[in-house]
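Okay, so subunit A shows up in both of these, paired with subunit B first and subunit C after.
Now for the complex of A and B:
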């Protein structure tokens, strides 16, 4: 049975409209905006589920908004990479639940309805970004998710949060402009904004503008993804934002750069007009640098959220390296790590948020011994830590294994070495964290009196932690799901 | 040293950009792809099938209306961001940081001129909004004119009068007017034609399309004016 075609448009406009109504709903009582936005996310999740099942059964499908035909109207295209919307909906729903108690403590009541509105807008922006088949539409959704992201970092009103948000804003705005420039060049070369149409019309285009366009797209998306020397906005923004926001930013928003790169590859490889080898080489090195440097900085952090933020840079490095390898194993591993890292990092950030909410402390030194006071939360964080290191049978293992295989397959075994080296570093700092929580003497005995987090926080964390394990045990499912998309992508290269 | 570095970086960025620009198809040339591919279709068919004589309106509200729905949401997001970050009661805002509201007395002449011009400005904004499907202009431009008037009135009025300009009760609904109108018209399109944000194409029912486009223009106008005025008030309010 084919679902109703306009469902793909409703996937975007239902949460989009739900978001702009949120402040209206929360006008008299802020808590109503929490109920409302949770309801909107649940409705969106149902639509997303129908679409993901559909793509698993029959492969990619499109819908052109407004009853026109592409390239005259705007085409939405749902492929296997777009299935990331399932994770967006899942994490969005859990972040909404987690925020119920957290937001009341973290920000003034007048801000709460706008907080939920911005959170919904951010998620909607990502959903739109993932499913659009039109370059300018991609830019529009990127702006929705970027703008709301900057504001969400600053929403607590602390001076340091505003500074972090401003740094994020400056870097984000520059990267958006660079991407817009590239879209403009592609339009000047082809006269079209539809991705499939641009792909078909690029052959024979002059080399210099093409090189600048694809270079600019890569640069812009690498800033969004926080690859190593372009990462400077990330640690503060992700560490200082309210914890549910950190989970969304670190788990999902940086992946926008990766999904954007996948779209760039679809155009580049599909058209055959662009030689991506030089860029791929840059990406491999960027990835390797990010893995090592992210892990290196993480080792020296005492602030638990700062450590998680640097760990994100390291993990994004794996994904970028997997893309740059341009081999089927590397690409599959990278794509699946987009899903798995989102779940793992959300477990860790929400778990850390619960710890900070209950204890009021955020450094490893101060949190020593908390494992005895909040056993469930810390157990969930430990599961997340084991997953992110990549110890089988957890979710992190399969992806990293595939990326390592991809490095060998592509004839760059050196990069597999960088990957293992990075994993060792990651192992060190997560061991440090788990050790502090369970085995170090508490600095302040009062920490043992702390009670377990409230259910609205604990349940999302536990759900995510069990998903870390389930995704590990059923690791082959996402791999075989994403494989056709990667094969299609690499087909012009001779099957990878 | 620093200056030399900046100059070096600028030159290093500028050279490839200029090389690329030199190889682009000439801007405005009749053979350039932007003039030969999608655009001719809009020019040729827009006036009959899109319900707007003004082709720009046909493109932004009809052919690429979904983009514009996203754009008005970007504008709403900017306003929500300003309100969420600046509205009173941030955890870390000390009392002395409160910005003083403009205390400079407004001259009699400015007050008089704004008051005299106000009805004409309203009339002009309504004209720009409603005529957007025929002439250049439309909801964005008309809404900005209306928003500018609200700001001008805020400057010359007392605090309590100015507050009444943005009515408390429907305020939040009006701020979202543009995206909400888009959603409503999109759903009506879904009912009428079976496609989201579709308007009846050509034929005797084209007037329905024109009507729907006008409704969208009004929504964009009201929403745009409210957003501009709200951002101004939030940023100017003492906190």
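Now for the complex of A and C:
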């Protein structure tokens, strides 16, 4: 049984319409656009929650838009991987709340309604991307979220922001083109754009174009996911964007590449026509390389947001490695890390945003000693740091544990080694950060006079920090939720 | 018999609470001292209240939280864990009192006592860890909690030592984690409640690599050569910290981890089959002798103590890797024997430094007349290390030598003998200088350290005699060690 079917359509229609109306609502008073978009996000969250509960109870279901059945119509399909919409809605809502005070400081007032509209559009794109069952729509939603993402990076209007956005745009556009090319090839081979349909028709397709198509899809999604060495657009874009946007970009938007990869796997494994082993090997190495290199670059950063941006590359590396291992533990760990990393990284970016908002400083050197002035925010950041390193009992631990187990299970203990020592590296720079906040003598004693962040910023950060702990203590919940999807995915490989 | 009892979790938790209270007490000296001592006492009472049961063979367990299937935080106070926690909670009380005296005029005392309490919390956490993951968690936390103590003076030298310490120990921790993952994959569990969980079917190469990873991970803190580099540099820390690091917390946690690896992860039977322990025993014997030789040439008293620690810790490793019941007994009791003797010496070194400002051995001429009680305590500890009967150190050497003979490896008994000679060679000159050389300035008056420092020193020295003299008395820590050995060897 599916719930009232249009719910799945409403999940996209509500935020999309909301986004379009936002600038109108905020025309006279900018603050109204904040209220409006928050309301839209809350409504979307309710829908998302109903759908996630539904998928947990009955498994995947789909909705055919306008009653046109596949392969002609557009199919929306909701499975366990799609449950990432819950995190999208959560982070979206919290980022909206956080932005109320932050946006006023970060940009000109007339831009604020557009900022909220873009944020909503971006979230809509991600939601659509997660629930669509159609390759072309996948591309469309990806473009919606990418274009709004470029604009969001540049929203402050500063020169450096425009530069970062442009770099992001160039890389993003190229990767989108590569993905479009692959979709074209698949359409040429099968005559269909519906994913389930494509999966069914791929058997017997010639090997060369298939290899090109899947290679191109992987390449494109890896750029979106910012795997090393395709990451060059990420650090600047994520560090320069306003902090709530950084939280969304780092926590969610890069995951688009991962969800895209999961869809690619569903097609590849489901059809049985593609041998993914070589590609998996590439992914494992890409993952290991991303973990180590991301951590390596992060160690040398003094700007906290830059540090967090490089940390995203490492964490994406964990996920990519988990996917490439193609063992059930690794896949489960990777899928759950999509959720958990979003929460952790949002904690860190919003926490960093609160620090920057209150102190006006953004380097470790300048922020030394801030732990005494803003104890709650820094405590939340510390929880996030512990979590991202993967120390129990926090959210990061469960995933990394599973991915490491997956490496041993797949017969690649070396990758468990890389994972553990990557985590050690990551540990070192987060220790540096916490060390600076708490133990280093303040460079400027004025920092001790700073007050704690306003409630609209502090509360989202604290909520996220407690989620970091809750997701760790109740770590088995998301694992058992995602497990059926992974088992289904790996079934054609003979279990996992 | 296993009993679910919250005390197994409460013992580590109480110092955690203490740490929170110390941090919260801001700069109020009275409350800080009150919380520190009250928590130390409370912890000792909790641990001691489990002792009678533990001696009867009761094992207290408590599962705190489970993250995923079979992976969680759980505590289990078995004989081996009890032994370690009795030692560390006794020494915590003593060291806290000493630290209050020693740190009188130091800055940043809140941070110091807060992290001091955290260290002991994590140490008891390691002692009571039911599984490898819990153990790893506390093992890593200990690294983090000792860091602010090592860099307490915040001098460039201290910061450098702190960095070195972190690099060594965190790398070791990573190896432990790696070992935990592989163990879980091979055995399907990480529990430390069995005498060995790994199957031989896992393959010799895999098992050997796993053994190396775990021993290397724990061996960093146990300062097995060549992994000992961090320890002498960490001497820049204030003396109570060195005492805590060297006698109680950090190094013993490493040694304890090795015991757990050998007895509870691999099990004696499997290790005999694998034959890897011969290598470990050889390495330990080398460390015992080499570190002693280096110690002879150290003029700085604390550095000499550091190398002595490295040497002494390998007694534990050697005892464990001989895989015989007698040697195992020696390994376990040496946790206490070395702790009390070494902490006495550190207390003495700290007292001398605080009252006279002297830090090197050659400056100590005539100190025996100025600080007679302090130096008497030192002499007791020195004699214990040399292995004079009726003192704690003798017990270890005796059982370790017997264990070596039992294993048919008599040359380790010779190592014991050589080590006794070497110990004499670097401790007796200190005693000689202190009592039989006179100070250049003729005027000598008795000037002991403050009672908060002298008292703990004497108490520890008395314990050294006590541990050596009461081996056959039932109900003493020795009985606990025997119980642990019986469990491990299935006797």
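Basically, the second predicted complex is superposed on the first by the 494 of 496 C-alpha atoms of A that agree within 3 Å, B and C clash if a C-alpha of one lies under 4 Å from a C-alpha of the other, contacts with A are read in each partner's own complex, and residues count from 1 in each chain.
The criterion applied here is as follows: contacts are C-beta pairs under 8 Å (C-beta built on N, C-alpha and C of every residue); 3 or more make two chains touch, one makes a residue touch a chain.
Quick caveat, the model's predicted, so the values are computed rather than measured.
*Asks:* Could you look at A:74 and tell me whether it touches subunit B, subunit C, both or neither (first, second, both, neither)?
*Replies:* Only subunit B; A:74 stays clear of subunit C.
*Asks:* Using the touch criterion from the header, give the chain among subunit B and subunit C with more contacted residues in subunit A.
*Replies:* The partner that reaches more residues of subunit A in the superposed model: B.
*Asks:* Which of the two partners, first being subunit B and second being subunit C, lies in contact with A:275: first, second, both, or neither?
*Replies:* In the superposed model, A:275 contacts neither subunit B nor subunit C.
*Asks:* According to the stated criteria, A:405 is in contact with first (subunit B), second (subunit C), both, or neither; which is it?
*Replies:* A:405 sits against subunit C, while subunit B stays out of touch.
*Asks:* Does subunit B (first) or subunit C (second) touch A:10, or do both, or does neither?
*Replies:* Only subunit B is touched by A:10; subunit C is not.
*Asks:* For A:27, select first, second, both or neither according to whether it touches subunit B, subunit C, the two together, or no partner.
*Replies:* Only subunit B; A:27 stays clear of subunit C.
*Asks:* Quick one: which bits of subunit A touch subunit C in the complex? Just the residue numbers, please.
*Replies:* 391-393, 397-398, 401-402, 404-405, 408-409, 413, 416-417, 420-421, 423-424, 427-428, 431, 439, 472-473, 475-476, 479
*Asks:* Can you tell me which positions in subunit A touch subunit B when the two form their complex?
*Replies:* Interface residues on the subunit A side: 6, 9-10, 13, 16-17, 19-21, 23-24, 27, 65-68, 71-74, 106-111, 114-115, 117-118, 121, 128, 134, 136-137, 140-141, 143-144, 147-148, 150-152, 154-159, 161-162, 165, 185, 187-193, 201, 206-209, 211-213, 215.
*Asks:* So in the complex, the part of subunit B that touches subunit A is made up of which residues?
*Replies:* 16-17, 19-25, 27, 32-39, 41-42, 62-67, 69-71, 73-74, 76-78, 80-81, 83-85, 87-93, 172-173, 175-176, 179-180, 183, 186, 189-190, 193-199, 201
*Asks:* Applying the document's contact rule, which stretches of subunit C touch subunit A when the two form their complex?
*Replies:* 65-69, 71, 73, 111, 133, 137, 140, 144, 148, 151, 166, 170-171, 173-174, 177-178, 181-182, 184-185
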